[in-house]
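Labels run A, B, C and D following the written order; every chain starts at residue 1.
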Amino acid sequence: MYLLARVERVSKLCENVNEYLLRLDRKLGSKPGQFVMVWMPRVGEIPISVAWEKDSLLKLIIARKGVVTSYIHNNIREGCRFFLRGPLGKGFEITQGEALIVAGGYGAAPMLYLASMLREAGSRVTVALGFRENRNVMLVEEFEKLADRVFVATEDGSVGFKGQLTELVSSILSSSRYDIVYTCGREQMMERVVRMAMNAGIEVQASLERLIKCGIGICGSCTLEPQGLRVCWDGPVFNGYKLIQVDDFGKWWRDASGKRVPLPT
Amino acid sequence: MAGGIGLGVRIASLDLKNPLIVASGVLGVSVGLMKRAEEAGAAAVTTKTTTLKERTGHPNPVIYELEYGLLNSMGLPNPGASEMGTVVRRAKEVLRVPVIASIGAAAPDEAVKIAEHLLAADAIELNASCPHAKGYGIEIMSDPGLVAEIVSALKSLPLPVFVKLSAHGDLRLVASKAIEAGADVLVAINTLKGMAINVWARRPVLGGVYGGLSGPAIHPVAVRAVYELYEEFPGFPIIGVGGVESWEEAVEFMLAGASAVGVASALRRGFEVIGSIVSGIREYLANEGFASVREMVGLAHRV
Amino acid sequence: MAGGIGLGVRIASLDLKNPLIVASGVLGVSVGLMKRAEEAGAAAVTTKTTTLKERTGHPNPVIYELEYGLLNSMGLPNPGASEMGTVVRRAKEVLRVPVIASIGAAAPDEAVKIAEHLLAADAIELNASCPHAKGYGIEIMSDPGLVAEIVSALKSLPLPVFVKLSAHGDLRLVASKAIEAGADVLVAINTLKGMAINVWARRPVLGGVYGGLSGPAIHPVAVRAVYELYEEFPGFPIIGVGGVESWEEAVEFMLAGASAVGVASALRRGFEVIGSIVSGIREYLANEGFASVREMVGLAHRV
Amino acid sequence: MYLLARVERVSKLCENVNEYLLRLDRKLGSKPGQFVMVWMPRVGEIPISVAWEKDSLLKLIIARKGVVTSYIHNNIREGCRFFLRGPLGKGFEITQGEALIVAGGYGAAPMLYLASMLREAGSRVTVALGFRENRNVMLVEEFEKLADRVFVATEDGSVGFKGQLTELVSSILSSSRYDIVYTCGREQMMERVVRMAMNAGIEVQASLERLIKCGIGICGSCTLEPQGLRVCWDGPVFNGYKLIQVDDFGKWWRDASGKRVPLPT
């Protein structure tokens, strides 16, 4: 019961990150923050966030990381097939008002979709993007089209603010009032953003990653302790007040055997 | 009126507040998920099957959803017996319901070594039936003598021994050997060995090629297995597993001879299904004039 | 474009105009139904399993419809070999497609006696797998040596011998014994042994208590069986049966290694399903750029 | 997947024929001429025509014949359960105009329902009923309420016309013009009625009985040769022009083994 998709266009967003525009054999019907499992026969199956969807068109933004993502980067061209299942998980909840989106690296992928939905809902959207270096910077123009304000931070200062994304966010939060913060990216970054927002009394939602096997909440691979929250089913998006009670948040990951191991940095 | 109905059952030395047990696998190794299952109304939880050493399982895809069930080729991922021991001890701290520790072993001494890590549990369940992990499960079930040896080795420990059977192989023979060797409870059934091929990819879907079929598709086979076991070993405690999605399948199992019922795949719809199964059983008992859930066990055999 | 695609397959000495065969049982002993199946596009038809003497089968209810398949406890009703001989001869007069005569026997000489009545058929299919008739089927499959003896006895007759396997028991062992004994074609699978209990009646539904599960529910098990057989006996002709409801399941079987495909339960929706499966296969082949249906047999095994 | 029904009322229609008014747990949704399989746990399962249906109420008319029907007559009282599956088969097709219903014995059961549907469709309905003796006569008043004209024949002449139902039908057909004849009852009777109607150029539909096992067209138990028509699926109601081409019509039955044997008389 895989959805069949054809690649209509592959675009390079920056070094090691490509965008795949897909035509599906039927509408997916996702919400921002939901994901799909992408199966590459003979290679593997991995979770990828929906970066955008309309009618039967779907965008996925994929960073080169290991086996499957490298296979995709090296082999998948226009006309190739994608096998997908989803949409899976619970996405972001749209809260009207003054919204701040905080995204690090390819964590920006689901945020484009979110930003457009927020605008449709009548929110004002500020975006803070963080990248390591110049060659990792991506999607800034796209966000500029959608959002009211876009800030960029790079660790080497080659673009925008020089420093950590969290420093940028701290100054944004102190200069303006927000109703909601949405974040996606490295978990250590998100943990700090969640705490900042909670301290400022602002609602916050973060999208987590864990090792996704079944993707439908039935294998336990992606659970967070001690609440037994499944990233693939109860998440990947969680509210800040839930997350700060999660011992694993920002600290523990489960390896393929299910054992809790320190979160990779 | 329904309040007065006895939902409690006793299986070996385990007191269950109702007949619904979460079967092995679907709670992974998460104490948090076990707790959620308890809060949703489950009377006992079963751990993922533990092997002696840790296993990472098969590569993705590990699951294929069908309209009438699931195919999984998890491949028995587990952190190994020592780590599982920690999980079980933690589970016993936070849960009030019994914890059943499932183990997979290919030899008696190995089984005992694993179980020794798990003595905090309320029972050991020997997974004699996992159809997709080489060297475990179905392969040991195809050797009834070996099952008996493992069971009798496990009986040296102070815990009741459950034996989980496959519908492949000779169910009755393995069951009788297991009972002779001292097994306290039979659990039937595990998944059926199956697979799926995607016609556009021209490839088996599952990373492990073969997988275990579960859910409604296997329910008639599971009911048959329980019915046969009850007929052969009347009164011996049986836990029926396979395709329980509502109270009706649970009741079917109990009428066939199961004293309790396990649920796995149905949890893909959320934990609420546990509560709805339990309250459905209660309502059925009330409507049909039973005073206790135990009264209906095996009734379908009456001539 | 699709017109140029070769749908024909050859199985043993049988030339089939397409890979779709009506499996044993669902056409009963009616020449009229066989003719309708042919007119609907089937490339061959299989008779109901014949025993030596007539059998009336189990009492009603003999069928239980599930959302995802059927349970049947027909109990091998058939008019006996002599009368079936008449039916087969009549069928050969009015049909142009091959007629496969299914037989059920518990001993070699009995099998030969039955088959001698059926020499007008194009092939003999030994039903080594019917799970709900005592003394036949599953019981002979649990004795691989006996299957081999029956097959080799049947090889004294001038017809190709098909052996229909069950997914219960040791599939590969029985298959290898059957092949050694001279079997020409393997047919996999028959129904799985199952049952249903009605919770309000508190009784097994089927008159025969146990029944055979067919339809979509068993498809993953059947695909696995075919895949395993092809892996073990590459190139040996296999007919895949179980849960074919559309062209997609048929193609899945062929990718797994079947040269042809049998359909039974799907006919409950009418004979039109035959045509739609065949044209679906043709379209798939055209879309995927195959010149002949034979090209896709076993492709899912390619590394 | 049996429908559960409760007996609301049992009425004796005549010697050996009872009417069961059932309340179902959901609507059946049948057409006249369709049937249900009635399962009596531990006893057996038999086909019975729908005699009437409205909302979740259903009437079945059951003649005492052998194992299952005797069990029902002896044991089933108000409040008892019926297990049903259906509706099965294809029913009568309603042809507007001047309709003649010809029913013998308990063959009258589905005809009440048919008559009421014909009236709803605006047809004029004449009914000819045949019974052996006085003690077999039933449903005459019910038909009189529904139909424009009701004729009765008994073999012993105790009620109405003395003689065979077919003789009565012959005279009815010669005295008046009909657009359609519907018949149900002994097959030998129906065979004659079908031929009379066909000879008179009148459309005719007859409801047949055969040994019903599966009831869903999948076992072959009820097939008619040489066309391979399944009474349970293609029928039980067939058109005259189809039936006169059926070798088995009026002549052959299949026993429980599937063997063709002479039609029981």
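Side notes on the structure shown:
The working rule: contacts are C-beta pairs under 8 Å (C-beta built on N, C-alpha and C of every residue); 3 or more make two chains touch, one makes a residue touch a chain.
As the structure is a prediction and not an experimental result, all values here were calculated from the model.
The set of chains touching chain B and also touching chain C is empty. Any chain touching chain B that also touches chain D appears here: C. Inter-chain centre distance (chain A to chain B, centres taken as mean C-alpha positions): 37 Å.
Between chain A and chain C the centroid-to-centroid distance comes to 50 Å (mean Cα coordinates, whole Å).
Centre to centre, using the average C-alpha position, chain A and chain D are separated by 67 Å. Residue positions of chain B touching 2 or more other chains, listed in rising order: 66-67, 202-203. Looking at chain A, no residue sits in touch with two or more other chains.
If you sketch which chains touch which, the chains link end to end in a single open path, with no loop closing it. Chains that are in contact with each other form these pairs: A-B, B-C, C-D. Put simply, chain B touches chain A in their complex at residues 25-36, 48, 54-57, 59-67, 70, 72, 74, 77-80, 83, 94, 198, 200-203, 205, 207, 264-265, 267-268, 270. Note for the complex: chain C touches chain B at residues 66-69, 71, 142, 167-168, 170, 192-197, 199, 202-204, 209-211, 213, 216-218, 220-221, 223-224, 227, 248, 251-252, 255-256, 284, 296, 299-300, 302. The residues of chain A lying in touch with chain B in their complex are 1-2, 4, 37, 39, 41-42, 44-46, 81, 83, 85, 213-221, 223-230, 255-259.
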